[in-house]
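Below is the structure I would like to discuss, written out as structure tokens.
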Amino acid sequence: MDSYLVAILTVAGIYLILALALNLQFGLTGLINFGVVGFYGLGAYASGIATETFHAPFLAGLLAALIIGAIAGALVALLSLRLSGDFLAIVTLGFAETIRLVFNNEDWLTHGPSGFIIVTRPVIAGLSRTATSWMVLGVILLAALLVLLLMMRLADTPYGRVLRAVREDDLVPATLGKNIFMYRLQAFVLGSAIMAGTGSLYAHYVQTITPDNFTTPVAILVWMSVIVGGAGNMKGTVLGALAVVFIYEGTRFIGPWLTMLDAEQISALRFIIIGVALILMIRFRPEGLLPEAYQRPAEAASRITPSKG
Amino acid sequence: MTLLVLKDLRAGYGASDIVHGVNLELVPGKMIALVGPNGAGKSTLLKSIAGVANVTGGVLELDGKNLIPLQPSGRAQAGAVFMPQERNVFRTLSVSENLAVSAWGCRDIAARRDEVLTLLPTIRDYLRKRAGGLSGGQRQMVGLGMALMSRPRVLLVDEPTAGLSPLLVGEMLDTLRQLAASANLGILIVEQNARAALQRADRALVLVDGRVVRQGDAAALADEPDFGALFFGEAA
Amino acid sequence: MIQMIINTLASAAIVAPAAVAFTLVFTLFRYANFAVGGFVTVGAFAAWTINVPLGCPLWVAGLGAMVVCASAFALSDRLVFRALRGRSGGTLLLVSIALSFVLENIMRFIYGAQMKGFDLPLTGPITIWDVRITRETVAVVSVSLLAILVVGAILILTPIGRALRAVADNPSLASVRGLPVPSVEVFGIAVAGAMLGLSGTLVGVDLSIDPNLNWAVTIPIIAAAIVGGLGSPIGAAAGAILIGAAEELTVAFLAPTYKGAVGFAVIALVLILRPQGLLGDKVDRK
């Protein structure tokens, strides 16, 4: 049971970092990134290839993941940031799908669907199994804490306020002389690099990665964490990620009760529950469990001045 | 004989009213102009009759029928037809289609179209063109023709001359004036070119801050020495 | 060469009705509904259920799938999308992806992950001037073409089609002109749903039916609609042919394994070169 709890917490930490990065892009800046799993997977493979194929230490792998994630984020952003929001969404989705095809097909690099094995661990070698898993959990939670503090700090600075202004209305910061494109680019690149870094942590935690680790269900869980917690609120994301992981892992236990269902059906049922919950959340409580404390300029204005006649 | 009746009508969009109690009676064949400074609530009044803005109190009847519970489409079918100021044609449809689609559910579309083309003969010249490619004046004419397709009792016209050249302003208002007589319509018009509108209208209401501050015979109102002050909202 | 053209037409014929559906929804409500692939999958399974377990001929199954998808699509609008009108395009996109995910897993829950195929009589290919065409391909292409022509005719020639275009153009004007906007919208959604059901049936003639169809078809459908300019059914059909051709060329000259990326590559290219698509009107975007 202990090891199961450690595993859940580790996974929760990974989802939390991904969700925080997405919250920077979507919650603060309003950029719709449906390619979360693309950056995440890219980081995982980059780090794995650095440490296994090139025998680099773990930190070099993590660094490689961050750099490659940033470059990929910049490329995707340059391609699509000038377009309107839904086109960015489509391009990011395309990026994730294409990247997954690369993982699947370039056997020489990624070993394809059979899986890429990663021996290097993010902790000192030679410890017992249990100790190692606790240490890995520690590393991931520490990373999550660092990212959380960074994001909370960022959200409170003038920089964070400009990002919010970019999200609410492109015209306002433009009239203030801010280069909106640069702000969007920076937020997108930082978020993508963090996602890729998370991929590195994940790869060295699970030790075998396959292209199937980086598919839509993961993206749905990350998006749900941000929406459930409250877009724009970093503390909300912590709550959201925990809630989502516990719902997701919790529904694992419905299996034994529903003996007439096979494993395939139970897995499908869990995804149905998650998907329906996400739709209900957006439908009935779009501001999330912990709404952002910031008052949107449009709403604030509508409360003061009545509509023109 | 009275077509449209407003009693103490209040209207707005959100929580607060913009129109604070307007009384008005419109009879067939007559044109009433609503004038007043910007933001006086003229358009809101018109839109509340059409169902685009919310009526928050008072009486609104057409031929003795209460319009308030009806949706915009229901009010149009009842005979209170609104011609918006902007975007009043379907740009991707041809002029002919614009006319046809405005007589939804009618079996005699061709007859109605002929009727409209008799009233507004200039439309014939560009019947096959796409409405999005028309000039401003042509577009207003098509918008008017679309409104007439449903054989309205009351036409609610919101600034039909906005963006038109001075020459076309008089032409458009004359067309409306003649329509009121020839089709026996009641017309309620909001117009920025107040003097031009008052020359053609039968009666006029001056609206300031959502209230009627002056009303009466349009020509007489135009001759009043303090009319300019009223229009610009500086009434003492 | 001719064989490639035939393959292109065959894959375009499958995608085109669904691309028409995506375009219809986009012109009516101005959002990208990513659940189209999910509904095509539902259509494929509906047709299979009517064809194989119930033993009806395929044309009955196809009509049944169209009815099922039209109802399911209308229901999804009633329960999910209608309440979200006016929300941002991104929100609707996210909701439609979640819906697509739910539909795919409902199919997986009911039918399992095993691949299924229609009960089709074995027929030999027809050979004309050394070119082999299977009778199924001929049927798929003609049915698809017919369906698109019918939708086009409804939009251009009938009063309800005219009303649909008017509502798509300017819903608030349509409402003050006395058009019953909600009913017209439901009609449009039902037509789109029926087209998704038809695509589902055609896909099942060509490929095996399993829940993973969802993503495999979503991307070409949306790519075809975007390339087609998001304005007219003819544009969507032309887009489907273009995507089909691009996929064929990729399979023939580059790498068959990257066929799945073609749709996105084309979307990216179109977005860079012409944000309004190749044909059709420039779309007003908020």
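Think of it as A, B and C in the order they're written, each chain with its own count starting at 1.
Note that in this section a contact is a pair of C-beta atoms (placed from the backbone, for glycine too) under 8 Å apart; a residue touches a chain by one contact, two chains touch by 3 or more.
In UniProt terms, the chains line up like this: A, C = Branched-chain amino acid ABC transporter permease; B = ABC transporter ATP-binding protein.
Everything numeric here is computed off the predicted structure, so don't read it as measured data.
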{"item": "Chain closest to the middle [Cα centroid of all protein chains]", "value": "C"}
{"item": "Farthest chain (mean CA position) relative to subunit C", "value": "B"}
{"item": "Distance between chain centroids, defined by C-alpha means - subunit A, subunit B (Å)", "value": "54"}
{"item": "Chain centre separation in whole Å, for subunit C relative to subunit B (CA means)", "value": "43"}
{"item": "Subunit A-subunit C separation of Cα centroids, rounded to whole Å", "value": "30"}
{"item": "Residues of subunit A defined as touching subunit C within the complex", "value": "26, 30, 32, 34, 79-80, 83-87, 89-91, 93-95, 97-98, 101, 104-105, 216-217, 220, 223, 227, 262, 264-265, 267-269, 271-272, 275-276, 278-279, 282-283, 286"}
{"item": "For the subunit C and subunit B complex, residues of the former touching the latter", "value": "159, 162-163, 165-166, 168-170, 172-181, 281"}
{"item": "Interface residues, subunit C side, partner subunit A - complex", "value": "31-32, 80, 83-84, 87-91, 93-95, 97-99, 101-102, 105-106, 108-109, 112-113, 215, 219, 222, 226, 255, 257-258, 260-261, 263-265, 267-268, 271-272, 275, 285"}
{"item": "Residue ranges of subunit B touching subunit C (in the complex, touch as defined)", "value": "50-52, 71-73, 76-77, 81-82, 84, 87-93, 97-98, 100-102, 104-105, 146-147, 150"}
